[in-house]
Amino acid sequence: MSIPSLLMFSLLFVTSSASDHDFCVADLSQPDTPSGFACKDVKKVTAQDFLFRLGTPENMNNTFKYAITLASAVEFPGTNGLRLSMARLDIAPSGVFPMHTHRGANEILFVESGTMTVGFISSDNTVYSKTLNKWDIFVFPQGLLHFLVNSGKVTAIAVASFSSSRPGLQFLDSALFSNSLPSEVVEATTLLDPKEVEKLKGVFGGSG
Amino acid sequence: MSIPSLLMFSLLFVTSSASDHDFCVADLSQPDTPSGFACKDVKKVTAQDFLFRLGTPENMNNTFKYAITLASAVEFPGTNGLRLSMARLDIAPSGVFPMHTHRGANEILFVESGTMTVGFISSDNTVYSKTLNKWDIFVFPQGLLHFLVNSGKVTAIAVASFSSSRPGLQFLDSALFSNSLPSEVVEATTLLDPKEVEKLKGVFGGSG
Amino acid sequence: MSIPSLLMFSLLFVTSSASDHDFCVADLSQPDTPSGFACKDVKKVTAQDFLFRLGTPENMNNTFKYAITLASAVEFPGTNGLRLSMARLDIAPSGVFPMHTHRGANEILFVESGTMTVGFISSDNTVYSKTLNKWDIFVFPQGLLHFLVNSGKVTAIAVASFSSSRPGLQFLDSALFSNSLPSEVVEATTLLDPKEVEKLKGVFGGSG
Amino acid sequence: MSIPSLLMFSLLFVTSSASDHDFCVADLSQPDTPSGFACKDVKKVTAQDFLFRLGTPENMNNTFKYAITLASAVEFPGTNGLRLSMARLDIAPSGVFPMHTHRGANEILFVESGTMTVGFISSDNTVYSKTLNKWDIFVFPQGLLHFLVNSGKVTAIAVASFSSSRPGLQFLDSALFSNSLPSEVVEATTLLDPKEVEKLKGVFGGSG
Amino acid sequence: MSIPSLLMFSLLFVTSSASDHDFCVADLSQPDTPSGFACKDVKKVTAQDFLFRLGTPENMNNTFKYAITLASAVEFPGTNGLRLSMARLDIAPSGVFPMHTHRGANEILFVESGTMTVGFISSDNTVYSKTLNKWDIFVFPQGLLHFLVNSGKVTAIAVASFSSSRPGLQFLDSALFSNSLPSEVVEATTLLDPKEVEKLKGVFGGSG
Amino acid sequence: MSIPSLLMFSLLFVTSSASDHDFCVADLSQPDTPSGFACKDVKKVTAQDFLFRLGTPENMNNTFKYAITLASAVEFPGTNGLRLSMARLDIAPSGVFPMHTHRGANEILFVESGTMTVGFISSDNTVYSKTLNKWDIFVFPQGLLHFLVNSGKVTAIAVASFSSSRPGLQFLDSALFSNSLPSEVVEATTLLDPKEVEKLKGVFGGSG
């Protein structure tokens, strides 16, 4: 088969004109929209935009003895618009990842090391809970309260995958006790004791 | 349990880094996109952005004796991107809300006061119609012709919810008779009599 | 214009063959799917399937002094697959609608009567709160903790619209305290005091 | 390179276990769902399921002198769930495809032969209209009234593509005049003259 | 019926305030987003924005003897955000449209003239193939390898419809052989012979 | 606070009536639909349904020296309808995971151990490639050809997350060479040499 080079150019021209929007790497300096951030100019996109390192996390010297390393569209712009993102969770021995929800994503957790007891609570208040070890994966449906407890003797590490590039993360305690939400509203809408609310507002820095 | 304040800061820092895009209040001065308006800077968003008052409507001194108060993303930017919006409908005695469609949303109508006979027509030309009173709700599937008739003796008021922050609203008469659509096209594609078309073009301000 | 009746039949035959799936009223006796319930035979669908009465609610003699009347796809099959549903909320004087989330829907609340102070907490723990009166509408974004407090002197009534025919509803207290979730897990993942957990498990019927 | 046949079998086994749901050909004997019909057993699917012939249409001896050949999920089960379908339109000289909407799909029309003047009317009542010839394509956004007029001297034929496997089709005249919708409702909600309504009910077979 | 002109103005004002976002014609000078390009100012939109001519294609003097005329959002901004676009394919006698995929869309092909043998390969490696003539339409599910062969004696022409305004187009040969993908990677991940890779890199302009 | 037990029952009754469809575990014995498999009866769902073990894979004694352990909706029914699934990939030293696509999902790869060089090719034939080590994650956009090469000295293991519970998997070689696709079609649409096609059909078990 003879393929004159002139014809080849014709072929190549045609194929490249269809090449837009295989991806939309976030340009965080441009406006955000309901579907995600505006796209970085494709001519400036490199392989580096699709790589993120879930490396050594910050220390776990907080109340609950955990660390979280987020890789959603803000931290990892290559996930923008892809309906997918990740996070790394580290939990020290006797630590927990506290009760929380993701408003915008389902989650599958992959246990990389250690042992953790995890669970979620459904709308009819059923508890679905399991103890997981390395290679186990577990589903947390969108928007339901869930938790992770390190039930082993070493640091437990997991990689969470989310069905959104911006899953959201609402910690129950921070939502209730770290802001100006009036104590009487917290008390009336949760039945928590005023002293308990006062104590936890102290822990989490809330006022009001 | 002892919780040194230093550790608390670590906790709080972590929780706030996950806080983007719980919502996307419309910034109407920025570009519109297929998924909605670009988002207002979250630091400038206040509770006021999520509040709208469906208060006293404009008068109902028009041909059909109705008033509509829209609360879609343009009027109520807090709904932008949320796949949800509202409108208030007032219909004076012997008035109607004329035949229309919403190109982009299903609708549930809540009757706040009065009595109205409503209905929609399906693709196979079946009429689904009911007379509604206060506390009744009724479904109008997306894109189908529907209507509301005040069948009581007082002004009837309803609140419509839509499955889009921009449901669209096409009034049949305005679409046919208030613009430059040539009369012969209207006549040929609807079989309406030329005199009828001329009369209604007069009523609705159409030319051509 | 002469229109022989034979030709008319031809026209009608053509138009009716396009008439499927304007809606998908739930047939609760058939399987559920990720997109909703299987559809009721369209030949059995009547206008009644699109009507629901948010009438007099059950009594409000519970701890929080509220009542909820749901109109999602299970209770109101006409909303199945339409990305829209409703609920009526009644709150007695000094009552509240307790802290909760909807895993699957944004919400717009319409205040039908009375006065209520409502609010939601965003992922970065900001509180967005307003006091509402009749004709006010307020947005609660999907999956975030929110609450309603009757801040008037009479029963307050609202109609909530959701961006899903099955929005889900998770009450914070019921999720934590009405089931077999071990008390030590609740305590470790929320920092609530063991005595507080014990007390609320008593109130909400939890074990473990 | 040597590739023992034993190893090959291992390879093949692995590749075939990932093979579900590239498509979901409709099994019309099974239940319909909000996302479309249940799928035909993939083992019974053949290439024939993906082929449809938009061949010679029925005659155009109706009032408007057009014929439509539908290829949506009901007629062409291979499109089920694919968010795409087609239809063929034939319009005789001096004929039209009457005023109509598609509740569930955007449309692009490809003119295969002849000349037609087409247009749609937007929500703000602007008319977007063009005269098209062979190889022209034209967009009709979802849910808006639109029409086609044969403005040439021979039969005009077009192929319409829709952004849904079930776009819906509501003819304006059939919706208003071919059913039991009470004449006084038609009159009040459209301002059409009672005599005009009576005449068109006669043409389209309506009662009431 | 008397309709004072003052009342008419009230009617018209009301109807026009609902008129946003029936469509979102791409403004290619503004940012791209995950949901598509930002919208052209609606006041500058004309009927011309919704028209595209799939006219005479470029010559077919390339290796495979085909031409493609794209009408996706980049070439035809009126399709932006509409989940629908088109392309025209011309294949000379003894030519083919080479093996390729569309990452973002299902396709229905309409054969406008000539005869072509087309097919796709499913995830379980089944071949679904048919020979098509004028008026035949054929479905290619999203993301699967497919091909078209002119199996007649004259140029074959088809119009492809896609379920996205930006379907993407990846030619197998161009992906493997027209870039800097190292030959040893191509060889190891496809088992192609080094000489074959070298030859095709020569044809398609690849290096490495 | 006194909370009579009678009132408590009222509260609990109300909360449980909202509890449907937090998830839709696949019931593989029921029909498949475009949105996924019909749901298992929620009363039979247990925590076990949300757990999967990506344990020791099958051997890697195949041509490419890899193994894949799938956890999509068919293997892991708890992911059904959740727009999320996983797979484990093992690649022996000097092995590769061959050139392939996922028709229905974006992917993020997490490297659990070893070193691998991965890459994808965009529609404009640009190669985006990186060498990854433990804790690195990398994005592969939907439907684009991509590959993984073990570029270290030990077995490399990765966990892939997909933005669909049924991502699909099409191996390039299997698609071209393991079925009855006629050799002349392969040759014409890829320009591969007939001898090369014959050789690879031998390797992958193709006929024709």
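Of note:
Think of it as A, B, C, D, E and F in the order they're written, each chain with its own count starting at 1.
Convention: contacts are C-beta pairs under 8 Å (C-beta built on N, C-alpha and C of every residue); 3 or more make two chains touch, one makes a residue touch a chain.
Since we're looking at a predicted model, the values are computed, not measured.
Annotation of chain B and chain E: jointly contacted by A, D, touch as defined at the top. Residues touching across the chain A and chain F pair largely coincide in numbering: over half of the numbers involved belong to both copies. One of B-E, A-F or B-C repeats the interface of A-B: more than half of the contact pairs, counted by residue number, are shared by B-E. Simply put, of E-F and C-F, more C-beta pairs touch at E-F.
Mean C-alpha positions place chain A and chain C at a centre distance of 26 Å. Rounded to whole angstrom units, the spacing between the C-alpha centres of chain C and chain E is 41.
Listed for chain D are residues 15, 18-20, 22, 31, 33-35, 63-64, 103-104, 119, 122-123, 125, 129, 141-142, 144, 168-169, 174, 178, 191, 203, each touching two or more other chains. Contact annotation for chain pairs lists A-B, A-C, A-E, A-F, B-C, B-D, B-E, C-D, C-F, D-E, D-F, E-F, with touch applied as defined.
On chain F, the positions that touch chain A within their shared complex are 1, 15-16, 18-20, 22-23, 45-48, 50-55, 71, 76, 78-79, 82-86, 88, 106-108, 110, 112, 119, 122-125, 128-130, 132, 135-142, 144, 159, 161-163, 191. Chain contact summary for the complex, chain D toward chain C: residues 31-35, 58-59, 61-64, 67-68, 70, 72, 74-75, 103-104, 166, 168-169, 171, 174, 178, 203-205.
The part of chain F that touches chain E in the complex is made up of residues 63-64, 96-99, 101-104, 117, 119, 121-123, 125-127, 129, 141-145, 147, 149, 168-170, 172-176, 178-181, 185-186, 188-193, 196, 199-200, 203. Taken in their complex, chain C has these residues touching chain D: 3, 6-8, 10-12, 14-15, 17-22, 24, 27, 30-31, 33-39, 80-81.
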